[in-house]
Every structure is written in structure tokens, then in C-alpha cells.
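Shared chain: chain A. Partners: chain B in the first complex, chain C in the second.
Presenting the complex of A and B:
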């Protein structure tokens, strides 16, 4: 029953160890960053890849799912960059500041680097190589965790975005981080980004992964300063193992809204570690996953209310067809002093097939006595009554289903403030439905 | 919302330092040598004059247990248990079971003090609850009239000291006897069902129990029989350093009905005592089993010293079509509770229910809940759980609802609320909801806002304040849960009835 017994290392674990040994001297960053890597790697060495006996990974047995490690991606060549160019089409119609990463490495020539007041953009590899003190100081500090996926990311992180938005700045165009697969053979990349939104600043950030057949372990450290407003999107389309971690802190009176949209992905784990550190902050954490075939999508949240009077809303929907498997694990923790917390979590799974599996685990851990916390979870099929109503009005079987599914996810998608992104995601969902057999 | 004053006071009444059953009965007892080994098991088996197959079964479990490790996933923490520093068997020396008159009067007095008279004539005369006047009893009906008769199996440390109404039950065809007797007298039934719901390899504590189990109750209700009275077992740990490992097996044959109650207390002692029981229920076609527990083991003192470790495996198997198993529990005692009464809904159209009120105080740790495993078609389950944490306690609801591929039309409704009193305690909810069938409908909720707006409006339109209205509606709901308890246990539960869950969180 215990997790402390380590048997033999799996091939993937051996490959990860070998990869670290081979690259630790060439990975960017010295001093504190090198120490961070070594510490993180030690965590992985003692714990190994998480498996089903590890409570947080109960439904996504990484040790079984990660058979091997693809070779670490080489810096993208011209052909790889060319392939990356077409990625991120989902938001093509929206005026964004596009920053492109191919196989995890920043491609400045495809990125929009026009200067803007209050906005600074850099590549992580470059910042670390230069020994940028501010970056080194923040890295790994936003939300310390001993999660093994985050540790692996810290040990092997290569490149990513380092973005700083100065106090009071209002960034008009959404910042679109496009993480594309460039290499034409299987590769793996460890991407780490750091975004600091200072006091009172406003920004929309889109983390868009089209990682194709590449293994990706991505982590984003996001600091939302006091009174700042951040809209964050995580779009995922991945045909190989994709593990992404959001490590965020939300300051006082800040507004944070996130939306995760996952479709056409083989194995995805999106884990969010979010801490409310200042009073009167609001967080809306939402997402929609569309699954078919044998796809596996895991959304895991750890929401920590560490300050009084904060409000959070978590709302997730999954639509499952064929033999797909969705996982939702949401944990809300209310610290003893975090009185007047108002947290509500809702997760719903719509099963379109008898072979699909939806596992929901909405969890509450409450240590304060004057709070309002609730969670709800449902799983079920489409309401035959509603379908019958539509069909009795001359709508075909498939259309009726599509309409109902659209309504099911629409309730969550509608919460997106940005009109263009909202429409683009809804279109993508409709396209997904259209492809349903 | 914080808890209302009324609730705080009610919970205070059952705080750890108010424990009323903490006395020790001074009685000579016979124990197995300290520690656990094959010899201990042979000793227990020999004491109970068990047949060879039973001993083999125990030894097999023991071998397996040696290879297992203690589970760590529950949200409880306790010092490592030294399994060699325990007595696995302890029995009062004077234990002639020929008739009640021969039971050691000291033991009879103990049970009287606990409010459980063992003499049938006394029960018939309504002489109960002598030693325990409670102001909460005042507005109750006259005790004797209100309650029907209850057959009691009294388990004192490792042995059953008395079983009442055996003859009358026999007339109805119901077998109600201590497990050790059943092993000898009904080996076929025991062989067929023992370990069929909780296999010996199930989990660390269940395996330990399989190796060293002492007494417990065995119930068999034949086809079509409605058990003429409530059956109950009262467990008492008396001896120091002793673990209690009872094993209960209840079988309701086709179309049978039985209601079974379980109560438990223990003396106040500074050391922790282990209680690792296994309860197995089997309901065949159209049968119904109702199992109620009022768990009041010694919870330890105000500083968290002492108290019972209650590591219990309870599982019911709705084996037949249209069968029903219902668990009701009121949990107030134990230093640590690790308990998940579960239902395996195997038969088509079977039904499982779980009603629980868990109250933790002092340094108590509760990790309790249920598992509803839907295997058959159109199976229905319902979970209502209320957790109240006060003092420095931690109260966790952990529940699994799962529907397997073939469980078409499975339905579950779960509602779990928890309430904190003070800011040094914790309330946690860990539901696992696994749906593998699209026609399964699972709903889990843990909110206070679910009180019907209509009801609130109705009350408010009659001049009640919003708070009063909420309290009234919620109290009505809690009463609903408590009403699942048979009348016979209502007295103990009565104390909890007035607890309002206002201000509760998910």
C-alpha cells in the first residue's frame, strides 16, 4: 500500500537520469539556478515517476504512461522553424502579439517583438545564460512544490518566455505564446516560462501548445500582483505525452481568470497550483476538455486560499466519446486564517459512450470556520428528454446531440471575457463536434 | 457563516472530557501471551475449540499479513503501532455461557451501567437505562413502551458473554449467536460466506482481523423471514493493552429482512488501543439489511492522550437482485476512525444507502465515508454525510462512487456537508467519482445553498428570520438521517438531533 518502495527504474526513468547527467553542464544557468536543478533532480531520483499509488497521480499513472523519453530536442533548424510557422491557427483571426517557440526554443524571427510601454520580453535560455539576477531569483519560488513533474521540469528546463509587465501597464493585445513542434522526428522538451504582472497591470496571456508528436513538460510561473488583472488561456493539442504545470500566486484585490481548452490530445495532464496570497482577490478557473478515441485528459487543481475575503470559482466540463478517459481532481485548501473565503467548484462530465470513463475527485480541505465552500460533481449522459424535444421539432439525431453538447460546454465558454477568443474556442468546439462520427 | 451558538453547546456536551463510559470493570481475565505469532493464533483457535479448517484459514491470513504494510493514504497520523506489544485475546475468567444467570454479575453490572441490560425479563419490564439519567431523555416517551425488544449479543473484550432471546429467534428460524459458536454449529454457512465479502487479503487491518478475530455476531435470516426483533451487539473493551478484533457476518437470505445495531464503548486509558473489526453483510434476492452503529469508543483525553484506534472494514454485498443494504452511523468516539462502510451493488436493481453523522472533538481524527460500487443494472445508491469538527480535530469524508461498464442505469446521489466549530480544526471532503458507463447518473454536492428556496421563503413569509428558517430546514434534514436509526438507538442519537448544521461548508 505504501509508495515508499522503489523497485527497478523504468526505461523512462533511466533515460531521464541519463539526460540530466548528459546535459546538466550545458543547460543554461549557473549558481542558484544550477543548484535548483540539482535539488529538483534529487527529488525525482528519490521519488521516481509518479504512479497510481501516489494520490495526486492516482488516475494518471505517469510511470505506466511514459514508456520512454524521447531524445531532448535539438535547437530548431530552418526546416523546424518553417514547420512551426503554421502553428497557433486557432486564434488566427485575433490581433495578438505572437511569440513563437519551436521544440521549446524561442524563435525571435517569427515573433512580434515590437516594443511596448511597460512590457519586456525575453527568452529564458538567454536570461539564464546572461545570468539575469531577477529571473534567477524568482525561478522556482512562485509556488514551491515537490511534485515530480514540476521537479523534472526544473531540472531539465531549456527555454521559455520571461515576460514582465510593469506596474500599471495595460497591455492591449493578447500575448500569444505559441509552442509548436518543429522537429520531424520524436523529441522531448522541457519548457519553463516566467511571467510577472506587477501591481495594477492588465494583460491577456495565451499559452498555446501544438506539440504534435513531441513529449512536452511545460511549466509556467505566473505572479499576479496586487490589483492586477490577468486573463490566462491554456490551449492544448498534443499527440504525445503532455504535462503542463501552472504555478501561480494571486495578489490582493487582483483578478485572475483562466481557461483551459484541450482537444485532439493523446495524453494530457494540466496541473494548476494556484495560491491566493492577498485579500479580496477573485479567481475564475475554468476549462473544457473534448475527448474521443482513447484520449486521456487529466485536470488537476490545487487552489490554496491563504488570505481572507478571497473568492474563487472553478468550473470544468469534459465531453467524452469512444473509449476516452477524463480525470478531474480539484482540491481547495482554506488555511486557518483565511476567513470569509468563498470558493465554489463544479465539475461535470458528459459521457457519450459506454466505453468512456470519467473520474472526478473534487476535494475540500478546510481549516477556517467562517467560510463558504462548496463543490459539485456530476457525470452522466445527454438528457434523452431534451434530445427528444429537439427531435420532435424536426432536428436530426446528430444535430440535436451537437446542440446539446454545445450548450453543455457553452455555459463554461461563455464566461470568457474576450469576445474573439470566446468565439474562436466555440468554433473549435463546433468543428470537433462536426467531426464526430 | 460561523456555527450558531446552539450547535456549539450541543457539541460541547459530547466533548472528549465528557466521556461517560470510561470506567473500568475490575474482573479477572485470561489473556493470550502478549504479541502476535502463529502460536497466538493457535491459542485463540484452541480457546474457541475451532475446527481445523478455521485455524488453517487464520494462519493463511497471518502469512499474508506478514507481507503487507499499513495503509498511509488516509488523512490521519498516529505513532507507529507495535503489533507485538498487544494482547490479542482476553476473556473474563468466569464465563459460563449455559445461561444468563451464570454470567459474572460484575459483567452484568457493567452492561447495566452502560444502559444495556442483559436479562430478558428486565428488558420486557422496561428496566433499561438505569445508570444513566440524562436530561435529554426527559421529553421522550416512556422508555419501555417506546422500544421494541432487542436481542443483544454482548461482547466483552475477546468473547461474547451473553446472547439474549436466542430461543425466541430460533423459533423464527433466525440464527443469532457469537461467531465462535457459529463456527462450530453452522460450519457450512460460515464456510460459504466468511470472507466472501471482505476477502482475507482485502487490506492490512482486515487481514490482521482474519488472522486473530475473536468474537462478533453471526446472523442468518432464512428465506422470506422478517426477523421478529432488532438484533444488536454491544462491544466493550475493558482490559488494558488489548486489541479487539471482532468479526460480524450477517446473511439475509432471499426475501429476508433484518435490522442490526451495534454499540461500543471502552474505558479511559492513557495508551491507545486497537480495534480492527470486520463486518460482512450478504443480501440475497429481495433481502434487506439495515445496519446501524453508534460508535462511542473512548476518544482520548483533552490533550489527545489515549483513545481507541478504530480501523474497521465494513462491507455489504447486495448479491441478489432487488436487495438493499443500508448503513447508518453516528460516530462520536475513537481517537482515530478509519472506516468506510461500503456497498457492492452486484444484483440488478439493488440499492445501497449510507447515512452518517461524524462528530469530532479534542484531538480526534476521523477519516470515514463509504464506497458504492455499482456493478449491476439499475442500481441506486444514496450517500448523506454530515461531519462536524470542533476542538483540534480533523474530520474527513472520503467516499468512492463508481459505476462499472455493465452498470447501465446506475444512479447515485451524494450530499456531504461539514461544519467547523473554531479555527483549530479541519473539515475535509474527498469524494472519488468514477463513471464508466454513460447511462450512469452521478450527482455529488456539498453545498449549503442547496436548501430549497421555496422552503425558506415559506418559513420567512411566516415571520421567521432567514437564519431561523435555515436552521429549521436543515434540522429537519438532519433528523431525516437520524430517523434511519432504529428507535432502540434513538436515545444516544437524540443528543445529536438538535445540532444545527447551519454555517456548514461543503
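Presenting the complex of A and C:
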């Protein structure tokens, strides 16, 4: 007799299967989309939640970390929408186009839908319900992967943003996607967004999650067209399991700059799958994580250079206090034909406590011979010599540390081109430092 | 007496470095300390400033009659202790102006004084830096980052001038300075001489003492003061070396 595979399942895995069985007929999208969901679910069924023996998930054992699946979020009621209203305040001082999602569902009445030349905005649920052909055709195609978190997202995706920026359009105001927790009891949401920036277009996109106690599995498919210029921010504040996947392609001569900022979050996994598909593109992929308590933040990158003459810079920093744990896994893959690739990856962790732990694993897989690639990783405490120098001038212990930590973060934050966002993130970092015990 | 160091014994990583050092500096006095390499001059400077890692096994250090050995470096600074480092460190990412301002305001706060207004502060720094030949461009850079050796030393004197300490310890501020810079720095130091401020000038060279004329010269050897005298003692050392104190042939 064959062993019953189902008895091996964890409660969370069982709940995920049950959730899919219960909702597959009501989730938006028919035909190709329904097939995509079924395929993705099959991937999950055979593989289960990733655990520590799965290389890419070695330090973030989802099977152990995800004890349970919270019930799928119900459509937000008036109270939930009201709660969502206050989210995303970090960027309050910046003139953005705010698009609000409560418990993963689009809230049009709180969103700025003023028409703008070259910009089209829809909700994923709506686009799929309508059977929008362009959306169905792109979904799941941007960066195909068998990653289980992405598969679960595809199987259970409910809503998200579908944004198209027409060729040559310059969207002046940053597009601020606010993903807020609305429900007052634990829930889970599977958010899928699709953003296509066509040839030569310019935009700033902010994916801002304040998910409170809600479990979130978010995925963003981002197509950066040839000669397009995209600044992308991922801001995260989450008190329950938060897994986010960026699936992106970058076209020829495009400029892509991303920045991930994570603080006050319990368990976060930010995974980026980014492929350079056209020559002479530039990518700056950066981020800062601030951790305390028993927080866990994992940044995992797969950067594929699949075209000649592209340049990428990956730069991540983590500040760790108490017993927190940060993970950085960055893999740069240079395809055999991707000659003249110039890729440099650097990750640094600043340990403010002896109990904090940083796992840094930068990796290069180079199959081309004419490339310039490098990586580095450091983890260490504040330099006591520097601290003494500051203190010898009268600066207090805490203030000296704060100055040095700010300087550490600042070197990466400084790379943000948008002055207002740069200042807002630095202020948030300073506020985080101010709350240090 | 502003500073009294009594029978000070100090160890670093289990190694005895100061061995019963006794030294007094009067209010308003400029005391030069000379002595062979490794005799403990910088160690004394660090112990006065409160650098962690130095274990005082015996003795005391009184500033205006108050024991400062239990105080942190920041507290001592607020009490008026200043150390111009032999090797000033680079602090990437911390702008010189921010640094100066944070330091001054922190000291003022500890002393129960209000913060200096921005215009007052800017004026103070601009005037002081101009006299020391420190450009506005340098002030915009991170502390000491990309500064030449001589520029770092000048920056130390700028900090001293802004912070107005009661006791300034200058550890080989003359080393690495060209002749013109030496004069600029010495003038900067001399401007700060006052009956209310004492200075300890650590140096290997008589030349500096032509510019900053000391009231007293102490010779430090093997972790203690072995001879004290007037400014002519520096000339004598220049001529004879330290062999008479170290027991080694010159």
C-alpha cells in the first residue's frame, strides 16, 4: 500500500488545499487563468511548503514558520475600509497617486482614479472577471518559476493592481499602491499585481504594505519595456507572515531602480526574480531592513543577466538588534551569451546585539567569459573606535550609535533619486532608531 | 589645580603600560609631555579621555577635584576634557557640520545649557574654520573622510575651538604637518590659551614648542613621569635624547 501523502501535510498545507478546493470555482478568471491556477496548485501539492532542505528557503523554513493559514479575507466592509484609510502615512508628505487595497481587495472610492494620458489602472479581480485578454495573456508569463510561494499566489490570487503605462508616457506623480489590513481579525490575502511599462515610458511605483496581523502573499509582475525608466519601492510593515515576490523583466536600454525598506515586521520574505532581457540596461537593486526583537527578514534575489552589456548593482543593508535574524541570499546568473555584463553585489549587516544573526549568501553563476562581476558580504558590530571618537566629543552613547547607524543606512538610502521618498525613508529609519531601548 | 593624576597604574589587555604616573596641571597652564615611543603618552591621553579597554588598577584622576575615572567619555567631554587624537578616525556618512553640532549641543545639554541657534553655530564654525584654513567644502564632507593627514589634524583643532574645553590634550598634533600648517595649527592653539584653559601638548619635537611655548615640560618614560622642568628641558632632550631615562645607549 502506498503511504498516504496527505498524512504528511502540515496543518497549514491542509488549510491551503482546503482553501483552494473551497474557492477555485469562485476565484476570478476562467479558461487560461483557471488553468494557470490549477497548474500552480498542482506544483504546491507535489512540493508542499518549502522547508530548510530546499536551498532557496534554507534560512526561512516556511513549513515551520507557517503554523496555520488564516481564513481567506472576506471582501472589506465599511469598517475595514475605514481602517485602511490611515495606511501608507509614511509617504504622506509626497504628492502621489494613491491606490488603496484593503485586505487585498481594491477600494476604488479611496483611490485616486483621475484620468491621466498614457496611464490605465484596473483591479485584477475586475480584469479577470471581465475576461480581459491582455491581462490573462501576461499573467504568470513575466518570469515563470516553480517557486512554491509564487505558485500559491497564482492558485489563490484574488485581487491586485493592473497598470499599463503606454509607450513614451511620463507619469509624474509616484503611483502609491497601499496594501492595508482592514479586517479586525486575522485573515490572509493573496495579492497579484501586473504592471507593464511600455517602451520609453517613465514611472515611479511604490508597493506599500502595512499588513498588520494579516498573512500576505503578494506577487508583482513587472515588465520594464525597452528604454523605459522605472523606480520601484517596496515598503513593508507586517506583523504576520509576509511573503512577497517580484517577477520582473528589464528591456533594452531600460533603467530600473528598486528599493526595499522593511521595518517593524515579524516574518518577511522578499524575493526578487529579475531578468535582463535587452542589452545596455541598468538595474540598481537595493534595500534596507531594520530588525529588532525576534524579527526575521529574508531578502532573496535571483538576478539573471540574459542580454549583453547590462549593468546591475545590488546593495542591501540590514541593522539587527536584540535576537533578530536577517537573511540575504543573492544569486547573479550570467547567461553564456551575456557578454560585457557588469554586476556587483554587496550586502552588509550591522549587528547591534550579540544575539542577532545575519546570514549572508551572495553567489555568482557566470557562464559568459567577458564579464566584470563581483560580490561581497560583511557582518559586524559598530566600530568601537568610531564610537569612542564621537563620545569623546560629548555625544552620548545612544546618540553616537544612532549617528553611526544612520550613516550605515544612509549610504544605501542616498542612492534613492526621489528626494521626498529618500527623506521619508530616512525619517522612518531615524524614528526606528529613536525607539531603540 | 585643574588636573591631578595620582599614582596612576593602567593595563591594556593584561599588559602594564602606566606604572605609577603622577602629574599635575595648573589652571591656565600649558604642559608639554615628551618621551620615547611606546612610553605611554597616548595611553595617558586615552585614559584621560575615557577610552574603553584601559584598566586602571591603581591611582586616581581628578579634574577640578572631581574623580573622573568612573565617567563615560561623553560625560568627561561635557566636563571640559578634549583629546586631539594622534590618529583622527574617518567617520563615513556623518557630515562634519552634523558632527560638530551634535557634539556641541550634547555637551551643552549635559551642562544644562540651551542649544546654540543655527545662525550662531554657523557663524562660530565659519569663523573658526576660516582661521584654520579649513574650507567650506571640507566641512560639507563626512568627518575626516578623504582628508589629508594634515587636514585631519587641523580638523581636530577646529573641534577644540568649537567645543572650548577646559582641558585640551593634544596628542602629536604636529606630526604630519608641513611647516605652514604647523604655524596655522599653533596659532589656532595659542588663540585658545587662556587663564581658564589648561593644555597638555604631547610632542616629539622641540620645533612645536617654539610656537606653543609651554610653561612646563614633563618627560614620560616607561609609564611614569621621570623628569619635569621648564621649557629649556625640551632643548636639552633634543640634544641628549632619552638614554638617560631609558637606560639604553642613545
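Going forward, the second predicted complex is superposed on the first by the 430 of 437 C-alpha atoms of A that agree within 3 Å, B and C clash if a C-alpha of one lies under 4 Å from a C-alpha of the other, contacts with A are read in each partner's own complex, and residues count from 1 in each chain.
One rule holds in what follows: contacts are C-beta pairs under 8 Å (C-beta built on N, C-alpha and C of every residue); 3 or more make two chains touch, one makes a residue touch a chain.
The model shown is predicted, which means the values in this text are computed figures rather than measured ones.
Q: Classify the contacts of A:423 with the two partner chains as first (chain B alone), second (chain C alone), both, or neither.
A: Neither chain B nor chain C is touched by A:423.
Q: Which partner chains sit in contact with A:167 here, chain B, chain C, both or neither? Use first/second/both/neither.
A: Neither: A:167 stays clear of chain B and chain C.
Q: I'd like to know which partner A:365 touches here: chain B for first, chain C for second, both or neither.
A: first
Q: With both complexes overlaid on chain A, does A:213 touch chain B (first), chain C (second), both or neither?
A: Once the two structures are laid over each other on A, A:213 reaches no partner at all.
Q: Look at A:374 in the shared chain and tell me whether it touches chain B only, chain C only, both, or neither; answer first, second, both or neither.
A: After superposition on chain A, A:374 lies in contact with chain B alone.
Q: One more residue to check, A:399. First (chain B), second (chain C), both or neither?
A: Touch partner of A:399: chain C, not chain B.
Q: State whether A:408 touches chain B only (first), chain C only (second), both chains, or neither.
A: second
Q: Just chain B (first), just chain C (second), both, or neither: which does A:386 touch?
A: In the superposition, A:386 contacts chain C only.
Q: Quick check for you: in the superposed arrangement, does A:355 touch first (chain B), second (chain C), both or neither?
A: After superposing on A, A:355 lies in contact with chain B but is clear of chain C.
Q: Who touches more of chain A, chain B or chain C?
A: Larger number of chain A residues touched: B.
Q: In the superposed view, which residues of chain A touch chain B and also chain C?
A: none
Q: Which residues, counting only chain A, touch chain C once they are in their complex?
A: Where chain A meets chain C, its residues are 384-386, 388-397, 399-400, 403-404, 406-408, 410-411.
Q: Any idea which chain B residues touch chain A in the complex?
A: 1-3, 68-73, 203-204, 405, 408, 418, 420-449, 503, 505-506
Q: Considering the complex alone, what residue numbers of chain C touch chain A?
A: Listed in rising order, the residues of chain C that touch chain A are 49-53, 72-74, 76-78, 82-83, 85, 88-89, 91-94, 98-99, 102-104, 106-107, 110, 142, 159, 163.
Q: Could you list, by residue number, the parts of chain A that touch chain B in their complex?
A: Those residues of chain A that touch chain B are 1-3, 55, 336-337, 339, 344, 349, 351-381.
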